[in-house]
Amino acid sequence: MAKKIQSLLVANRGEIALRVIRACGELGIKSIALYSDEDTRSIHVKRADKAYYLGPPSPSESYLNIDKIIEIATRVGADAIHPGYGFLSENENFPELCSKNGIIFIGPKKKAMEITGDKMKCKAVMKKADIPFVPGSDGIVNDMEEAVDIAAAAGYPVLLKSAFGGGGRGIRLANDEKQLRQEFEMAAAESKAAFGKAALYVEKYMQRIRHIEYQLVRDSHGQGRHLFERECSIQRRHQKLVEMSPSPVLDQETRNRIGEIAVRAAEAVDYLNAGTAEFLRDEQGNFYFIEINSRLQVEHPVTELVTGIDLVKLQISIAQGETIPFKQDDLGLRGCAIECRINAEDPFFGFTPSVGTVPSCNIPYGPGIRVDTYLYPGCSVSGYYDSLVAKLIAWGKDFEESRVRTKNALKEFTVEGINTTIPLFKTIMDEDNFIKGELSTDYLERFSILDRMNRDAVESSKQDLIPAVSAILLRSEFVKKNHLYQQSTSSKQRTGWQSKG
Amino acid sequence: MAKKIQSLLVANRGEIALRVIRACGELGIKSIALYSDEDTRSIHVKRADKAYYLGPPSPSESYLNIDKIIEIATRVGADAIHPGYGFLSENENFPELCSKNGIIFIGPKKKAMEITGDKMKCKAVMKKADIPFVPGSDGIVNDMEEAVDIAAAAGYPVLLKSAFGGGGRGIRLANDEKQLRQEFEMAAAESKAAFGKAALYVEKYMQRIRHIEYQLVRDSHGQGRHLFERECSIQRRHQKLVEMSPSPVLDQETRNRIGEIAVRAAEAVDYLNAGTAEFLRDEQGNFYFIEINSRLQVEHPVTELVTGIDLVKLQISIAQGETIPFKQDDLGLRGCAIECRINAEDPFFGFTPSVGTVPSCNIPYGPGIRVDTYLYPGCSVSGYYDSLVAKLIAWGKDFEESRVRTKNALKEFTVEGINTTIPLFKTIMDEDNFIKGELSTDYLERFSILDRMNRDAVESSKQDLIPAVSAILLRSEFVKKNHLYQQSTSSKQRTGWQSKG
Amino acid sequence: MDFELGGTKEIANGELVRSIGGGLILVRINDKEYQIKLLKSGSDYFEFILDDSFYTAKIIQSGSSEVRLSINGRTHTVKQHSKLTEILEKSLSLTAKIGGEKILVSQIPGRVVNVLAAVRAEVKKGDSIVVLESMKMQVAVKAHRDGIVKELRVKKGATVSRNDIIAVIE
Amino acid sequence: MDFELGGTKEIANGELVRSIGGGLILVRINDKEYQIKLLKSGSDYFEFILDDSFYTAKIIQSGSSEVRLSINGRTHTVKQHSKLTEILEKSLSLTAKIGGEKILVSQIPGRVVNVLAAVRAEVKKGDSIVVLESMKMQVAVKAHRDGIVKELRVKKGATVSRNDIIAVIE
């Protein structure tokens, strides 16, 4: 393991592949990209030192094709593999398959992944390490009486969840014991009918919760550090939209206290490399551990900007067996960073995916602005993969500065040919509750943000009435004068001619 | 003066105009741009809230046309004017003309400008404030004997400079008293013949000097702060090429000590707003004050990145009469920042200017990278104005990280249609003496950097042999197969048709 | 000519007055005259200064009654009304309606992962007809009216583009 | 065909072998075969993968014996040599020399701020003939040979483009 990495294969695509390739460039490591048929002209292929063909567009035949990826890595002599996020990043077999083939996997070991990937196993381990969980049952309850006892201890209202559910399905709310008994009966029956057994558990129901997570790193010598928190409460259907650090609700004492818990959680599973401990915070300021994400997160740049630590380079050095070069007390939070996840979705039409060619785009830049993106003029956005096309991250000396910088940069950010969620972020950046730091996971519904976005869009459209009419008048004159319209259209098609291999 | 600025006119163009416009956006101030005939499609015109026509391309008829600028500012009701750098920024009449017309000038007062703009006056004031100068005469020497005495006190070798010279002209070196006497006679005769009097002064000659400057800010309440140093030793013909902060040779004690001198210098001239105190440092570590630049410097972003302070917004708040919101001890240097000044010049051909349309360009981005530029695909670089087209600034947690980030970003930075100094910076970023921090104002000559650049260029060209030949082969096949070449060339000219108003 | 800016209910009456030389063009919009300084123009690309502000306009799509264009990167649809186009539009929309009413099109591109309705089935407005997958999201295409499914034009596994016909419902 | 990469003295012999389908093209350069995966092509723009690396190539200017192109944004001049072009070139360069030797051209665009030589004056190689200003820099155009100034084609205040004739020196 204590081998210097000379070449690194990035088993991913899009902005995160580019992010890892840039880190390789800084470290003098040869970067190796992979591409499906859909990605031949993608930015990660262009920027990597080497690029190898992986397979057809479908993820299962390309970026999830674990055997093919290992085969290529072995064939081209890659010293290490970085999985990015998504795809194979949390596949617990990947680390082992890598090490069997003499390749360094940049991430945790199989065992830690197995535990963090299994809710119940993880809870058992964490309980031992005294990590606070959302009050409720430690696992599946045996019968109704146990459920009633646990609910009484946790306090009503409680949620009754099916172990086979997921994504909001099979969850029932009970406001008191009577309701719990009724719901338990029904839920147990349902569960039995569907899965053959009544696997239910009980959890305290919390409102106005915030999602706050801690960036963790831990090296192969057992040294663990946290890089402070990220507030990720602004979500839509459990998908994070806006992340920031620091959280507007944490004081230094709480920051350190929860940070220590996060480090302890990493220790409990003998975690290796970068990961994230996710917590819920209720309105009373209590923190409850949910899970460890055993990968680099989408929102890692927020932490990079406030701590000054390059997490991807740190991941690589940890994977090489190096020790973390800083102590917990060396770390400091400077200023504030906000990230907006810009997705190729139409926020005015139910966030439906939007794919196609981007004939031109303007990526914002300037003081405090960082953009991680795979967009470039002439690129295309594929429907086969995730809709995240860009992350706009703005650093400011305080929340206010990073907010106005985000707002300014969103104005500069234009993407032609596809719809994006930029208008939603424009609305959020100017929204009073966001400005006050009044955040919760139901922020969008609670403050009717989408309605507000629609109103904002109409208002901003109105300001374009005069120039839009002017443009149409200019064009009618142009067409009349030059009789060129048909010719230039046809010539455009001709110069746009292209063959694709 | 304690008036809240609602609208701000930027009396400049290019990247610095854009920089000020962005600051206005953050502060909710309406930005007003000006443009000459050459700049109708320039980025500062596109990004400003309002833009007004100034005059013909020639600077004297446009960006130096002080009356026209004041006339527009008055007509459109601008509350304030930001002069940027260059053009009218150090014109001592501009502040007064502004205030006569009820406009806030964002910069120092006339009086301070008069002193800082006049070498002798400035020296007289600074001597009183006990600011260390390069040893030599306090002004013009009366006769040869005085010159000999002063030279003896300063120590040989000394320089004999004509007060009417400038830019290296009229400077003579004397290694001992005998030579001084000879040179004095000749220089006095020359000076008399040219200007009617023998206005000569004596200065200690120093080798291997570094140019180190301090960023200053001072508010209307008399509070002065320094924002640490910038090392600007890499120069070509007295033009800075690379700037960085911190300097590789300053320890904390020296940093503070010279910083205090810089603040005292600002106090001595009752300086207002942002400025820069420039020093020379000799090989023994002595610092000598040279001058105060009474404007925002090109290289201000370097300081912004290591201190986290937005200097342009601070300038605006000081101009509004606000007090500086931090004490000296609140400030800290974090990490390291390097700036490369990318000029539209051909470094392989005597740095001759290169002008024209830029059909496409790729501005680098990513972790730690900031670019301030007026380039965009389709823009044009005019021969009427300064050759600076972009500033690449890279922040890193230390010098090494900012260096490799700069190096990576230079690789990503492509500008078509014009020559730029990018190849020179690529060479510098990999050069041993630069890496060791072995810098001096004769760095380019001392280490034969241009020769090295030429060698690097040949080596990097060689790596493109196979792809270049491949491209030509592909094209010949394409032309043969499609018989399209002539048609598409003519159609390209047609679609590229444009009228210009 | 009257222009309606899509989604805003804002209507403006506009006409070109004349070119006044030096790249300046006079237009009248809602009875106010504006001087436009034209900086760059082509069949579908214009840069101009209007009311002392710079605008980049791109014509994305242009029909007789509707123009899609972007102003400084913001996309808009502008409907053009003149007496003639109004008459034309009415007759066109009439035709369109007859055919259009039956046809269910996909609003997004994607792969068909499930077909939920069968030919000859009775469906209510809002019933899911097929489920498409795009960008890891599943999106249902729902019936736009009550009726009987006369035709199903897609199969499981097929790829559809935006505006492709999914089904005919009568 | 032989190709010489400008400024490097590197010469390569190259030829297209054949297209092997699937967008793959086989070329032979210096007796080594390379498979090129062509991703995008037009008359003057190519994207391809060669030796497992991605390249963007733009043809900037193309003559019979010389091609200016950029590879991943780096500009190169490639001279093409074949027996025929060699012969052509020789005769061309001969003609060019006769005219070319006398003509002093400007290597940069700029405004003439000073004319230092006079017609009929004798000049040495390296003497400044005119001073141009561009981007606030003053650049002298210097005599390329010893001789007599036969003609001066520019006046103070004039604007010259790159490659404009400044003077004729015989």
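Miscellaneous remarks
Should a chain be cited, it is by its letter among A, B, C and D, assigned in written order, with residues numbered from 1 in that chain.
Criterion: a residue touches a chain if its C-beta (ideal position, glycine included) is under 8 Å from a C-beta of that chain, and two chains touch if they have at least 3 such contacts.
All of these numbers come straight from a predicted model, not from anything done at the bench.
Touching chain A and chain D at once are the following chains: B. In terms of C-beta pairs in contact, the better-connected of the chain pairs B-C and A-C is A-C. On a Cα centroid basis, the chain most remote from chain A in this structure is D.
Computed from the mean C-alpha positions, the centre of chain A lies at a distance of 40 Å from the centre of chain B. Centroids built from CA atoms put chain C at 50 Å from chain B. Centroid to centroid, with C-alpha atoms defining each point, chain A and chain C lie 33 Å apart. Under the contact definition stated at the top, the residues of chain B that touch 2 or more other chains are 362, 484, 488, 495, 497. Chain contacts: chain D has residues 38, 41-42, 48, 53 touching two or more partner chains. Taken as a graph of touching chains, this assembly has some other topology, since it is neither a line, a ring, a star nor fully connected. A list of each chain pair in contact follows: A-B, A-C, A-D, B-C, B-D.
Those residues of chain D that touch chain B in the complex are listed here as 3, 5-8, 10, 12, 14-16, 25, 27, 29, 34, 36, 38, 41-44, 46, 48, 50-51, 53, 55, 57-59, 62, 67, 69-74, 76, 78, 80, 107-111, 134-137, 139. Put simply, chain C touches chain B in their complex at residues 22-24, 37-42, 47-49, 52-54, 56.
If you check the complex, the residues on chain A that touch chain D are 40-41, 45-46, 48-53, 76, 495, 497-501.
Those residues of chain A whose C-beta lies close enough to touch chain C in the complex are 344-345, 349-356, 362, 383-387, 414-416, 457-458, 460-462, 464-479, 482, 484-485, 488-489.
By the touch criterion given at the top, residues 18-19, 22-23, 25-28, 47, 301, 304, 308-310, 334-335, 360, 362-363, 365-373, 376-377, 397, 401, 404-405, 408, 411-412, 484, 487-488, 491-492, 494-495, 497 of chain A touch chain B in their complex.
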